[in-house]
Structures are given as structure tokens and as C-alpha cells.
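Presented sequentially are two complexes of subunit A, the first with subunit B as partner and the second with subunit C.
Up next, the complex of A and B:
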């Protein structure tokens, strides 16, 4: 990691000593260069390259910010510290001539750096604010400073363990689980832990807290790839829940430049539109916004599979949606006792 | 029982009783007006002689132990003009309405009143005689005179004739008057400065009552062309003028009369005009009935076939000279911009006139004039200092022009100078302080300012571009060092020299850019 950052520094340094205005090549992140790759089953960047050139009056500021950010990342890596997107933004503030107008600008430069160096920001020790958590029989060994070699089992804490830099950078030692169960809401996660769903289904439980952060998607991918664990995703029965599942499976356009964040074999197991009928779930009518989103998803290249198209059509036909909590009408434990066994069995 | 008494008064007596209408309303204003009238006469005399004017003015306080603001001053003015022939000296300076300017050509003075009014005012406030020394190149004549006010003529107290071995030519005048310098000091100096502005070929020297010397040096020896005397234009004639011309004419018929006494009238125009006026071409002018005279004068307003009035009687300053004058007196530098426009001649009520306008802006203008618009007004090369907002120039600049169109904001420092020259300036009063808004004059003034303002717009656009270019250079100067610093930290090297790069952007040579080699993208092992 240090090498790639030093490499960037060397390149620019040499350009300057050769009396050239420094510039770098990188893949374009503009929407017309983001395409869906059916083979990779995720969005990827197309072949178009852009030059970020310090000779260009519009480029020189972001170019300077990129160099500074690379230096900041190198400091993090060298000193084995981690930071957040927000911290990077504030570190740049008040720092000579590289000030950002808002955090969005700073986040953008960090994404540029990912594209230019072909690395995820987590590799540079830069993390988003974390809210997602993991629970289950998985033993990990920390690598973060001060915890090197220390092991913990993720069932040790009944609230689950937050997926932060320490978990993300840890080694997975062993697990007895044979599947991963992902839910989008903390309340459902807590319910699953309370009902000992991890024992019952022999599963590692993960909650994404809405749209899953990259680190969480990375963990899901590792569990799926390294331990061959099948992944099941359980979300609200509405276009937003569906898309949380899809991003875990096929990734987002924003991360088209990154690999290892998608789990194409993961399965979305509900709440389906057909579940609403089969389980006679209490529902709410679709809003106009839901409607629009469903239609968008129908035309999204990631949603070509039969099950996706079928369920999207059901929602549109029913004009209804249902949340995970809808199963509570049958009692608090119904979901663990009846619904999930049925779904996981099928 | 009282009896109404009837009596006639002389012109001198009339102005003695009504001196405020000629600008002598109070001691400070009188000081200003006297100086103005005398300076203008001197300038006219020099230009008639075709020599670059050298005018010397001195005002000294005469100690009369008075402890009021109103004091007695001795006023002395000298010029190197034509000089006044000795036989004309008494009338010229001591008789109201006597002068050399009752002809149709542009001159500063028009009424034959101002110079004598200064003498008259001096006499009635101090009861001291005026001293005039003049030579047209031969002997020098020295007169000491007073005005016989009731009879409007000079009473000569002393007349000395001297030899003139050095061939001096010019006029010197000295009088005493009651005045108030402290109140008018600023205006007086401003008047001289603005006079220098529109007479850039003149040397003005002024010693004020406190002994301070002001020198307004000429910026050029070039004089604008001398105006020619012309016949009246038919549009400008009235019944009285017409009648006088008839009385004086030697022509035998109306066709010849029209061709002889009016400008731009040939045989065809004369016939067509007389046809419209319903006056026979063969009629003898001397026997024309009063009704026919009125008919003919009325027809001059209706007939549209006359040529435009001849402008050779006018003497605009010219773009080059006006620019010289304004630059010199406002100390404009390379950092300022000035655009001067001399319009083509135009006419109002049969009188030809030419409008010249200058618009200046820039750093010096901002320093000396502050934000906003400053207007300088001139009529026949005379600065107008009073009643600005009543005049036509103020109206044109403030009401008729949308300055936003010219990239001028309300806080932009702008100097607008407008010079109108005409055989008859449309003054609103005998005091000659502001010009009336005759529609044709207003239109020309507006167009002249607009034309000059277009130059200002180009200047501003250019300046915006330059400012943008500066910002561009600053951006490189700001970011390149940061790039150098942090890339060297990344590479763990010494900070590289960025001067060569900064040199490239500051010279902005496109070829250098072509020399930039293609640099490979960062190739680094990306496997996990």
C-alpha cells in the first residue's frame, strides 16, 4: 500500500524535475463510462481514460487535493492509524491552499484516488462512519495496533460487534456457521440474536443499517468466498429493501472501479411480494415515489433475473408493500420459528 | 400729488443696476466672474493671433484695514494676444456692448459685456480707475480710464504712449475690486484647471492673494483651426435680422438677395424657397412689404431644402488635443483609460454645433475623483462650474444612458467631459453657467457620451480578461508549490524546483505545452 502511494509521489516528482506539468491517467468515472458487466455480475468502469493535468486551470486544484490526500493516506498507513471520510475532510480544512468547500468534494477526491491507484479507500485506512454489526460463531484475530494477535469470538457480545476498521482488517480464524443471514434493520438483528437464530440456523448474522457500507459488503464477500458460506438477505418488502439486497449482490455504480465488494451468489429471500399474499401480511400502499423507483429497477440491468422481474411485477400489481416487522402480527417469534425455516429450506 | 418720471438709461447703467444677471451677484461670485471674463478675453485674443496663449493672472489683497471677509483686491491679467488697437481701447474696456464678437463665428465671449462688467464692478465697489496697456506690435498704449456709467462711455484719465523696442504684443489690464477670495478659492482654481484641460496649448500662470503660484503648463503647441466667419443660415434668421439685411443689401432682387446674404443658398434653392414663401424672385428687397418679410421669415422654418449649416465657423478642440488636455490636468497614466469623441457637426434652430465627449476611468481617476461619476462641462472652451444638475450634460449622462450596458456600475470611477461648441451656445442665462436641453443638442450630447462609453466598455472587458489571466497565474503560483511539497514527501525526496513550470505559465507559450511528453499511467501491482 505504501508502495502505490510512493509510486504516485515518484511519478509526480519526476515529472516536475523533468520540467513537466505533472499529470496522471485514470479511468473516467462519468456515468457514460460506467457499464454493467453481466459476466462479473457487477458494474464496471469502461475503457475511457481521463487525464488529470496540473497544466489545466480547472484540474490543478483537484490535482493538488489528490496529492495531498495521497500524502495524508500514506501518513495513516505508515503510522498504522485509521481515519474517517469526515476526518480527512477536516484535516484538509485550514491546510494551506487545499481547502474543500464541502465534504462531498473531499469524498470525491478520495474516490479519485481509489480509481487512480486501483485500491479501495479502506486499504488507505480511510473508513466511512460505521453503523452495521456482525454476530455469530466466527473467531477473528485482530491486526490493529495494540491488538495484534488477540482473538475474539463474535458471539461474545450480545449486541453484536460493530464492523469497523478493526473487524475489517482482522483475519478470520474459524467458524462453525454454515450460512450468513443479512438483515437491513437493527431491530430485526436484535430479535434474531434474542431468538438464537444463529444457533437455530447455524448462521452468522449481519445487519447493514440500511444500505450496506462497503466494509460490510467486503466482509460478506469474504465469508462467501473464503468459507464458501451461502448468503441470504432479508429486507423490507419495498423497492428500497430490494435494492439493499441488490447492492450486496451486484454492487453499486459508485463502486464500479472496485472489486471484491459484491457477492453475486447471495440470495434475496424476502420480504417478497408473493410473501404478502402467501402470509397475508399487513401492508401499506405504495407511494408515488415507490412506484417510480420500482419502474426504474425493472429497467436496471442488474434486475434481469426471473425472480427479480417477477417480484417487481407483484409489488406493482398489489400496489402494496410490507416491512420486516409485518410478521409480528403472528407473534414476536413467528419469523424465526416459521417464516425463516420455510424460506431457508426452500 | 406725485408725478411719474420717465427716463432712459444707458446699457452701462442698466447693468450697474442689475449686475447679478451678469454674474456679479455677491463679492465671491463677482471675483470668480471677473477673473473668468478677463481670462476668456485673453484666450480669444491669443487664438485670433494664432499664438499659443500665455496668460498671467495675479490677485493681490489691497490692505485697507478692513476686518471683514469682503476685501479689496487688485486684479492683474496679461496676455500675448493680438492686442487692441489704441483707438478701440477706451470703448472695448469701458463701454458695454462694444466688441469684436458680433459676427457669426465661435468665440468664448458673445455679448461684448463681460470684460467691461468686470471694470464696471471694480469701479462701483472701489471707485478706482482701470489701467489697460496694449500693443498690436507697434507703440505701447497705456490708458487709465473710468466708465461714465450714465453715458456708457469711457472717460480717459491718462493716455501714455511708449516705444516698443522688443516688439511686445498683447494686453495687460489691472483693476481693483471688492471681492471675497476665501469663499471662491476652490472654484477659481478649479476653473483655471478646467480651462487648461480644454485649452491644452495654453500656459496659465496664477499668483493668488496668499502668494501661492499655480502653473498650468501647456501640453502641446498645436492650436485647433481658427473658426471662419460665415453668413447666417436661413433657419436661424428672425424678422429683425432679415430687415437689417435688407436695409444693408446692395442686391436688386430677392433671388440675388437670398444667394448673397445666406449661406448655402444657390440659384435653385433661392427660387424654390421664394416660391414656397410666395415672394417674387424679381421683387426688389428694398420695397418688400412688412407682410412679405414676415412671410419669408416664416417660410425659412418650413422649407426643408436648405443645406445643413456650415460648420467652418466652429472650432472643436479635436480628439487629440482634448485627450492631451484631460490627461495633463487629471494626471492620467498608463493605468487609466480615456476615450475622446468629436461628433460630426449638427444644428439646432439653424445654429451649427459640434459635441465632443471624453470618458475616462482607471486607477488615477479612482484616487483623485473617488467612486461614481464626475462631470466636466465646457461650452466654446469655457468650463461651466455652477448648476451642474440643471444642464443638458447632466441630464444626458444621468437620465438618458443606461450605464450597465457599458459595464459601468454605480461605484465605478468615471470622468465624463463634454464640450459643446457653437456660434450660439444655448445658455439659459447671461451668467453662462449651464446649457439648456434643446432636443437636438441633448441627442448629440447623449450620442457622444455613448460613443465614448463604448470605448470604456472595451477597456473594461479587456481589464476583466487581464484580471482573469492574473488569477490564472496566481492559481498556478498557489497550487504548484503544494503539489511539489507533498509529492516530494510521498516520494521521500527533496522538494523539486518549480520555477521552470511557473516560467512557462507566466510567458504562456503554447509550444512548450506541445513538448510535454506523454507520461505513462501509474502502473502498480493491484492484486490483493
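Up next, the complex of A and C:
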């Protein structure tokens, strides 16, 4: 991390000592350069490059901001500190010529830095606000200052441990689990812990709290890659839940420049449209907004697989959606006693 | 808990065996019966009682729903299970004459049950979705099934532990902390952990994730009462942040029937309007909505204290607001090195 930042600094320094206007080369992130790669099974950036050049008057400000952001990231890495995206934005306040107009602009420059250096912002210790949680038999070893070498098992706290900078940067030491079960809601996470789903299904439980933060997607990827654990994703049966699963599986266009965040072999196990029929689940009617979103997903290149097209069609035909909690109709333990065993084939 | 539920069941059973239409007596929760009690320093219910009577055709449905909800709560307590509000709503689906039209209706009946039995829903194992977190030198002993008697120290995980049913129902065993520091945002929580604020200020750190869930308010109350720890609340400098602090201090009208959730001696330490001036913080202009809310707070009986009126006036006069992260302008550690010591007088 520090090397790539130092490399960027040296490059600019050399350009200046050579009496050049400094510039940076990076892949274009414009929509026409983002494409779905069926081989990588995720969005990737195409070959088009752009040059951000300080000779160009329109480029001077974002160029300077990028250099400042890289300096800020270097400070973070050097001092072993982390920062949220919002703190980066505020840290630039009051610095003339760098100050961002809004956080969107700041986030955007951070993404530029990711592309230019080919590393995720988390590698530079920049995180979004934490909100996901993890629970299950996984022993980790912390690497954050003050906790180096300290090991802990993630079954210690039955309410779950937050996934923040410390868990994200930890080493995975040992697990007896043979799968990962990802849910999108805290309520279902609590339910699964309470029903001892981690024991029954021998699983590590992860709660994404809506769209999965990148750090959490990275952890899912590591569990899948390092321990060869199959990953099962369990979401609301509506276009938003489906897409939470898809982003874990295939990533997003916004992160087309990054690798190691997707888990292409992860499986979305429900709530399916066909589950609504098979399990006679309580439903809500689709809103117009849901409808529009389902149609968008149908045309999204990530949704070409059979299951996806079939289930999207079922939702559209039923004109209904169902939440994870809908299974409570059959009692609170039904989901663990009946539904998940059927879905996990156990 | 179980006794009060059994008591309710027995009462209704007796009424029926006496050939009466069963009914329940409870305090009225209508606005004109909710008043601010300056002695208790929180909202309380007035003396007006209502009777929910199954002889009254308009009452039959909510009466039946209340009895069903009490039965459901009894099941939870008996089987040592917890449920979210949403699961309660779904559990009633498919039961004719009980099924709720929406979750609002179900939540409302749960509140009726709280009033009728004079106990918080958490006592009946009904929780909202968890999202707050805690960190610091507090040893707790779990009481949830499978974890009985297991002790853990809340500095184990530097990303923090979620406050769910297990932490909420735990016994507090021991702490070396001499204060509680409550923040409304995960980002600031992570910052405080990273800067070792728990060591520097000898504090237990709590992150409410916006408006503090009741269980979290209960924990703050217990730390204040059981260990005599002063509580300091640190929020965004805007009407929404101010009100997060106020609800921890004085409670909400919705919970006027409950005790043990407020911490009247807790102090809101910032971000004040005067901090914006004193620390030259980066700000955003107030929106019309902020403005309206500030005026409402000025007339709210909980806001009679001098500091509150002064600070509300400053915000209105400045026409500006500031976030917790605004201090990053002076470097990421400024908040822990300068601001908090000044505010905590340490």
C-alpha cells in the first residue's frame, strides 16, 4: 500500500523535476468503458485509458485533490489509522484549492485513486461507516494497533461482532464451519443465532444490513477462497433483496476496477418467487417502483442465469413480494427447522 | 414477566367463567393524557383510564389481538426465545380475526400490552432490529440459552459488539470505567476506539446508530444507576442530533408508560451551536426542515433548561449546522486530543 502511494508521489516528483506538468494515467470509469466479463463473472473496466493532466485547466483541481487524497492515505497507512469516507471529505475542508464541494466529489476522487493505484480504498485504511456483523466458529487474529496478535473466536458474543476495520484487517486462523450463510437483515441474523443455526448448519453467519458494504463482501470472498466454504445468501423476496445477493455474487459497476470483492459461486437461496407459491407465504403487492426495478434486472447482464430469469418472471407474474420474516407465519423456528434444511439440502 | 402474563390470562378466564364479556383496564395513551412530569424528568401518562371491552363491537378486534399478543409473548418467555416486532406482525398472519392490517397496528397492540401490564416489550422478549454497539471495559455475564454464566469483556472486539437480546439481558459484573460516552454515529465510534478514547477517558463507549433503540437507552440507564457513571452524549450539531441526546435524557412521549429508559442526569456535550463558533467548524446551512424542527424543540417542555434554549437560539441565529466529523478539519485525532478533554473537563 505504502509503496504504491510512494510510487505515485515519486512519479509526480520526477515529472516536476523534469519540468513537465505532472499527469496521471488511469483506466476510464465512464459507462462506455465498463463491461460485464462473463469469464471473470463480474463487471470490469475496458481498455480505454484517460490522462489527468495538470496542464489542462479543467483537470488541475481534481488532479490536486487526487494528490492530496494520496497524501492523506499515506498518512493513514503510515500512522496505522483508519478514516471514514466522510472524515476524508471533512479533512479537506479549509484547504484552499482542495476543499470538495460535497462528499460525492470526495468519494469520487477516492475511487480515482483506487483506479490509478489499482487498490481498494480499504487497503489505504479508508472505510464506509460500519454496520454489518458476523457470528460463528471462526478464530481471527487482530492486526490493528493495540490488538496485534490477539486472537478471538467469533462465537464469543451471541449478538454478533461488528465488521469494522479490526475484523476486516484480521487474519483468519481457524474455522470448523463448512459454509457461510449471509442474511440481509439484523432480525434474521438474531433469529439464526438464537436457533443455533451456526451449530445446526455448521455455518458462519453474516448480516449485511442491506446492501453489503465492500469490506463485508471482501470477507465473504476470503471465506470462500481461503477455506473453500460455499456461500449461501438469504434475502427478502423482492428486487432489492435479489440485488443484494447479486452484488455479493457478481459485484457492481462502481467497483468494476476492483478484484477480490465478488464470490461468483455464492448461491442465492431465497426468498424466491417460487417459495411464495410453494410455502404459501404472506405477501405484499409489488409497487410500481418494484416493478420497474424487476424489469431492469431482467435486462441486466448479471442476470442471464436460468434461476434468475425464472424467478424474476415469477415475481412479475405473481405481482407479489415476500420478506424473510414471512416464514414466521409458521412459527419462529420454521425457517431453521424446515426451510433452510430444504434449501441447503441438509 | 410470566406472572403478569398469566395474571392477564387468569383475569380474562375468570371473566368468562363468570359469564361476563371480558375486558381490560389500562391507562389512556391519547395525547391529552401524556404529560411532562418535571419531577420524574420524563413524559408520563396521566390518570385517565380506558376500558377495552369485548362487548363493544369496535373493541372486539383489538381486544382479541391483545390477547393473542399476550399469548405469543408467553410462548416467547416460556421457551426463552426472542422475537422482533416484525416477526410478531408476521406470526399473526393467516390467523383469522387476529391478522393485522400492517405492522403499525401490530406495534400499537404491543404498546397496549406494555401499558396494560406495565412492562416493556423487551421484558416479553420482543425487540426491534438491533443496530447499536458497545465497547469498553465492562465485563458482562450472559443469561441467554446456551450462554448462561459465560462472561466476556467488552474490550474483546475493537470493532464493538452489537447490542442485541444477549447484551440487553446480560448481568453487568464489573467495570473500571468512570463514565459513559455515547455517540450517535458508527464512524465516530470507530474513531474513538481507534484513538483509545476508552483508555484515555476511562469510558465505556456506546454507538446508538441514530435515535437510540430502547434497549440501548435501558443499558445507558443501568450503567448510570448501577455504577453511578456519569453519561455524556455527543451528537451532530443539528436538531436531529440534539433530539437523539434529549430522548436518552428525558425519553419520548411514545414511551410515557415506561420507566427505567431515561437518564435525566446525562449531559449533551456537543456539537453545540457555540462550538461551531468557538471551533470555527465547517458547516452546512440549515434546511427549511431543520428550521421548523428547531422551532418545535424550542417549545418542547423537555427543552426548558438554559443550555438547550441557548443552543437552539444559536443554531437558529447562525442558520448553520455541523456534523461530528467536522472536527476532522483539524486532523483525525483533534476530537480526542482537544475537543473531548475540554468538554469532559479532563
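We adopt the following convention: the second predicted complex is superposed on the first by the 345 of 346 C-alpha atoms of A that agree within 3 Å, B and C clash if a C-alpha of one lies under 4 Å from a C-alpha of the other, contacts with A are read in each partner's own complex, and residues count from 1 in each chain.
The rule we apply is simple: a residue touches a chain if its C-beta (ideal position, glycine included) is under 8 Å from a C-beta of that chain, and two chains touch if they have at least 3 such contacts.
Keep in mind it's a predicted model, so treat the numbers as computed, not measured.
When the two structures are aligned on the shared chain, A:57 is found in touch with subunit B, with no touch to subunit C.
In the overlay built on the shared chain, the residue A:86 is in contact with subunit C alone; subunit B does not reach it. Using the contact criterion defined above for the overlaid structures, shared-chain residue A:144 touches subunit C, although it does not reach subunit B.
Contact with neither subunit B nor subunit C is seen for A:239 once the two complexes are overlaid on the shared chain. When the two structures are aligned on the shared chain, A:273 is found in touch with neither subunit B nor subunit C. Of the two partner chains placed around the shared chain by superposition, subunit C is the only one that A:156 touches, whereas subunit B remains out of contact.
In the superposition on chain A, A:328 makes contact with subunit C only, while subunit B stays out of contact range. Subunit C meets subunit A in the complex at residues 81-84, 86-91, 93-94, 127, 129-131, 133, 142, 144, 146-147, 152, 156-167, 185-187, 190-191, 193-194, 196, 209, 282, 323, 325-329, 331-332. Contacts from subunit B toward subunit A in the complex involve residues 472, 475-476, 478-480, 482-484, 486-493, 496-498, 500-501, 504, 513, 516-517, 519-522, 524, 526, 528.
Of all the residues in subunit A, the ones that touch subunit B in their complex are 3-13, 15-26, 49, 54-55, 57, 60-61, 63-64, 67-68, 70-71, 74, 96-98, 116-119, 260.
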